[in-house]
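As structure tokens, the structure follows; a few thoughts come after it.
Read from first to last, the chains carry the letters A, B, C, D and E; within each, the first residue is number 1.
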Amino acid sequence: MTAAPLAVRNATLKFGGVTALDDVSITVNDDELLAIIGPNGAGKTSLLNVTAGFYRPQKGSVELSGKDVTGQRVDQIARHGLARTFQGTHLFAGQTVVENIMIGRHMLMKSNVVQAFFQYGTVMREESEHREAAEEIIDFLEIEAIRNRPVGTLGYGLRKRVDLGRALAQEPSILLMDEPMAGMNSEEKEDLARFILDVREARKIPVVLVEHDMGVVMDLADRIVVLDFGRVIAEGTPEEIQKDPAVIKAYLG
Amino acid sequence: MVYFINDIITGALIGLLYALVAMGFVVIYRASKVFNFAQGELVIIGGFIVWFTTMQLGLSLWLSIPLSLVLAGLVGYAIERIFLTKLIGESVFSMVMVTVGLLILLRGLVLLLFGPAVRPFPIIFPLKPLFLGDMLIPMNLLAGGIITIVAAVGLSWFFNRTRSGLRMTAVAEDHVVASSMGISVKGSIAFAWVLGAILSTIGAMIFLSGKSLTFLASDIGFAALPVALFAGLESIGGLILAGVIIGVVQSLTTNYLDPMIGGSLGSVVPYIIMLAILLIRPTGLFGWRTIERV
Amino acid sequence: MLELNNVEVTYSDVILALKGVSMNVKEGQCVALLGGNGAGKSTTLKAISGTLKSEDGTVSAGSIILDGTPVQNMEASNVVKNGLVHVMEGRRVLRHLTSEQNLIVGGHMVPNAAELKKRLDHVYTLMPRLADLRNRTSGFMSGGEQQLLLIGRAMMAKPKIIAIDEPSLGLAPMMIRDVYEVLKQLKSEGTTFFLVEQNSAAALSIADYAYVMENGRIVMDGPADKLANNEDIKEFYLGVTASGERKSYREIKHYRRRKRWLG
Amino acid sequence: MDPSGIFPTSYRTDRRVVRTRWQAIALAVFMGLLLAAPYLASGRIIAVLNMMLISAVIAVGLQICTGYAGQINLGQAAFMGVGAYTASILASKTGMSFLLTIPLAGFAAALFGFLFGLTAARIKGFYLALTTIAAQFLFHFAVLNLPSSWMGGSNGITVPPAELFGFRIVGETSQFYMNLAVATIMIAGAFGIIRSRFGRAFVAVRDDDVAAGIMGINVAATKANAFLIGAFYAGVGGALWAYLIRFVGVDQFTLFNSIFFIAMIIVGGMGSIVGALVGVFVIRVIQEVIATVGPNIADSVSFLGGDIVFAGMNVILGGVIAGSMILEPKGLMHRWNILKSSFRIWPFPY
Amino acid sequence: EETYNLALLSDFSGPYADIMPVLAGGREAVFKWWNATQGKELGVTLNYKNYETRYDAAQVASLWPGIKSELNPIAVVGLGGPDVAALSERLPEDKIPMFMATAAYGFAWKEDAWIFNPRPTYSHESAGFLAWMKEQRGGDEPLKVAIMASEASPAYVDMAKGLELYAEENPDALEVVEVIYTEVQPTDLTTQMRRVARAGAEALIVQTNTSIVVAAKRGLQANGADIPIMMSSHNGLPASGGALGGLDQLEGDFEAYGMAVAAEEDTPARQFYQTLVAEYDLDAPWNVVTAMGVSQGLYTVTVIQHAIEENGAEGLTGEMVREALFAKPITTEETHGFLPTLTFTPEAPFPLKGLKVNVGTVKDGKITIEATGVDVPDVHKW
């Protein structure tokens, strides 16, 4: 059996007196769409941050495809094939959509500064190749029309889409998404749901999805983990979770 | 030994003078998030105002000092009106860059208005130093130290404890949010510059009392800068500690190390201390920590 | 109370984002503004509250009348003085301040300390979660917590009219219910609401009147209950099929279904 | 940007700096004029052009570091000084050819810049900007206090003229060609860098360094690289300066000079190579015009007196800098881009 | 009737803007005087034009080609360090000499110069003064001296370095007890001045700037130390006294330089100055800066006159002017006593032999001449 694409073991994360994560373990299997839900401030984003290396857990470890990456820098972890989208957006506001997506491909490119300075060697070809890959993603996400718009001028919903595109541009082996549906109407959610499903099916990328829209979560997730006050309070298929009394009490109401 | 202690005391007092000038930076930063590169120029403008009211108009000190402070405040206000009001709502960065322009412009303006001559500066604090046994302490620095401490305590109470202070803090945090909550960004910035100009003028009086005045005096802005960064750009109270530390180290360097190496390490040592502390604490001793959240 | 007449908004002197928008919000009403991504909803709010300038935008035509005063291109802080508070999108808390300091700044116009205390308590009873977080540095709080704080901060000012951009953004289902309870409560206390929301079901549940915006134009408007029964609204905004049941996100077919409103 | 109706047809064309035939012609004419300048213009103009070319190299480097990577750098003059000293020492002590000393000067400055760039891994924003002032003071202190056999101390260093195949590059015209050649390479290289993955990484780090890290960009290294490249440009510019003046001393590289370089990129606009060039042009022209007409004004309007006329220069320069910021906070290039995009979508305003 | 051009470099908006109008007035008045008198006889007119350099080497460098093509000057009348820095390698190529007003710097002390100073280096001048002082004091033990320096400008460092080396080589004449580095506008020098006093310094050399003189004086006063200060020409008694708020504060302090002292006494220099004021529109007070401008003008025109006498009025070149400088001494009569007799050689940019300094002081609140023609000892190159 190959190692799981992502495994977080016994992560504990504290900020001063606040315990954001308390002994949390999750495993993501191949091709799986794992949803993480929980009330506000439960520690969902913190869990993604620990996974991505943005926070360093006081205890516990993170493994990507069997490799221990605990304590590595974010960019090193990204190079191990982890990509994520953000709660709120962290796009490069002044840059156009294409440029944002091209930045996502930065780590896949190889040219060095001297080559860039003189524009010799494979620089041109490399640029064109990666640009092609970027355009493919733009096509896939149906954002051709805004390709050359600075993302700072886009509405919130479109930004989220660009954010996804940028993560996909990294050609990740696992994708973490933090509330991708926030700020969309149901038509747009449908579009995005389709993209997420496609990502998983066509590109075979396992996805960890943090989301508050229960409709989306229940429909898309293979498995759900519920967090409350930094602890895992339930784990199971959507049907199981929907019926779990602890979850209903803490989250669904 | 006595001399050593005396050097430490004088150094600390000079450090407090730096802290006072640095307070100009911090107040403006604290109320508007604008880092004012032209702070040293405000000091000479303040200096020239004092010079003008005493030496030119011939007013007595009791009259000219308050008048100078008022005039300095007006200059601060005018700067806000002319240069900064129009940029409210634009990025803070553009305001900071305006102060770069201001640095060059004010320098020219001082030359234009007062000419380049080296002027005698009025004697505001007695020239005769205070004698404590074998130690002697310059009166201007002593008075300056006291003023600095009083101003620092008062202003840090104002910014941290009062609601007006909180309002300005909100402006420093985010101009757009502040104005969307009905806080007048303009008012806050104007207040900051008025206060900054006044503090600079007081600084000029202490710095230059009984000495001479040219536009070269603006260098004190860059001498005070390490103190502001050492303390952290948001911290007014911290300036006292930072000023004293930097002042003492500088004084010991100039008095004991410089003669050995035959150079002027004393003038770079504040920058070295500052670099060291920033590498350990990137936002100074008491500055707001950078918040990174995804 | 709030009236927009043929408002046009231009960004950077070239991008026309609102193309002649007219709306009317009556005192004590809650008016919802719905619309897809990039339709111009947030732009409308920014035009009203005067925060456009920071993004290089201006109201290039038309007028916005708040309580009889024209406020187009007015400075944001003056619009607040006229009684309107704008809760901006993007969770813009004052990050280095604690949650309570944020609230106090929100209530900075309150004349005396006793009244301030009263309002704080009011916010804390309506949103007990904020009470737990009062000494937390707001920049470090979770997304949902920040969203709550923003709503609390607007309440502190006790404005006549709150223009609020996506209050439910990033909130857990239970929290959305709570927040809407709070809004209803405020509405019953006489506050006027101008609500921009993607969670159309929630919005229509409290709104009296609603506008639908697409591409910078109002394409549909009507009383909230009437819109809630409109076929298109149902399909695109409420996510229910014509027969009334919820569509499954897994069943979505891969074809372009987007239908343009003809207005 | 193209006029409406014209679209790039391949990714390569989309990446080009020069995209239409008209642009190509305009560029060719411009370069042609520059090449012919010594035959068209007086020595004074050529001298001014020499200054502009050198400033352009330095300002473009600053633009990469500050405008693109967002690392405000107030030490550019010190980096320039390191380059100037390196070139001078190499040229005067080893007699090395300028073909070698210029790049080596760049590398020496780059090393010095890199050291300061390393602090950028921890120190951010204004704090970083102000620590770069330390570069200035440390450079000054080092030159004056290191043994004078190293860097000449207070004596400065005299630089032998650049030589190419026995031809001495002295006098305005030949120096102009040397500066033009170097500046052209450096500016073309700057376009290369900023349109490559490095340029994008710089912008990413500037706009949002958290997100940049998560994109797999090593933020600390990128910032240090930005300083490195910016300082490299300053070093090359410094070397050109050394060959132009043929004497270097610490007082030629002051904080005030650094501030002027910042002013140049402010006026032209942050985040645009062309903007940096525009800024250099505007500021230098103002300086030179005032230096030229100043004496005449002072002569003809004698009651003003020379001192007033010349003090007015700072007022005008400072006014231009502050004014350009107030009128167009994003710089002249931004205004130009807006003009271009309205041209693009003309006649419909959306 | 021949016309030749002179380029005058000036700094109306940089660090020396304060003295520039007076200095410029002095030298221009001399040119007017010369054109009206000697020039007329010889059939030569000297044209001159001021160029603003802001004391900035970059500005000098960019102006120079313009100056060359516009004026084609036979000589440049320079002002300070940046002019030297920017033009030292250019002038030999263009074959135009430059004449300065100031004392020279160690770093310009090279053979085959094209840039000349009528005065030796600052270190020469202070060494001359100190030798005189030691003689006044009597006794065999070396004179103890403290030096104020600043790293703000390499020139200030240079001044201190030269004197330090001289003291090292002449331990029986001079002992440097302190070298104090400070800023151009010092915050406070009380503790530093105590060090100076405790070291037993008998004189304090301040050749840097006026602000440092003022701060040092205040520091000495605070310590109750009565150590005479020696100043140079650009920060001399009138300027420093003015900055202190009165000459009386400098009672007993000195200025020393190789040039006439602008004192109350009626000297040939003063008479010439009065002629310039009366007949050639000189609008400047009788002070050291004016003297500096006038002496600069005087030796410049004298050299040119020598060149004309040698080569005739026609076809005069910069090279001929330079040759004339070496060919014949410029006598103190020719410069109306403003300068000692100057004998230039190709070995140095300033006369190496027959160097003299004059010493001025303040007595009863007035500037008076304390000594003239004091010999300068041998100072070695550093």
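Heads up, the rule we're going with is that a contact is a pair of C-beta atoms (placed from the backbone, for glycine too) under 8 Å apart; a residue touches a chain by one contact, two chains touch by 3 or more.
Being a predicted model, the structure only gives us computed values, none of them experimental.
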Far-end chain from subunit A, centres as C-alpha averages: E
Chain pair with more C-beta contacts, A-B versus B-D: B-D
Farthest chain (mean CA position) relative to subunit C: E
Interchain centroid distance [CA atoms averaged], subunit A/subunit E, Å: 73
Cα-centroid distance, subunit C relative to subunit E, in whole angstrom: 75
Distance from subunit E to subunit D - Cα centre to Cα centre, in angstrom: 37
Intercentroid distance (Cα basis), subunit C paired with subunit B, Å: 43
Shared interface positions of subunit D, touching two or more other chains: 140-141, 144-145, 210-211, 214, 307, 311, 313-314
Subunit C, residues touching no fewer than two other chains: 15, 140
Set of subunit E residues in contact with two or more other chains: 13, 17, 20, 151
Contact set on subunit A toward subunit C in their complex: 15, 18, 37-42, 45-46, 87-88, 152-158, 179, 182-190, 193-194, 197, 212, 214-216, 219-220, 251-253
List of subunit D residues in touch with subunit A within their complex: 10-12, 14-15, 189, 192-193, 195-201, 203-204, 207-208, 210-219, 225, 229, 271
Subunit D contact footprint on subunit B (complex, rising order): 35, 37, 83, 86-87, 90-91, 93-94, 96-98, 100-109, 111-112, 115-116, 222, 225, 229, 233, 261, 263-265, 267-268, 271-272, 274-275, 278-279, 282-284, 287, 290, 292, 294
Residue ranges of subunit C in contact with subunit A within the complex: 11, 15, 34-39, 41-42, 55, 89-91, 129, 136, 140-145, 147-148, 166, 169-175, 177, 198, 200, 235-239, 246-250, 252, 254, 258
Contact set on subunit A toward subunit D in their complex: 52, 54, 73-75, 78-79, 83-84, 86, 90-95, 99, 102-107, 109, 111, 113, 115-119, 123-124, 127-128, 131-132, 135, 166, 170
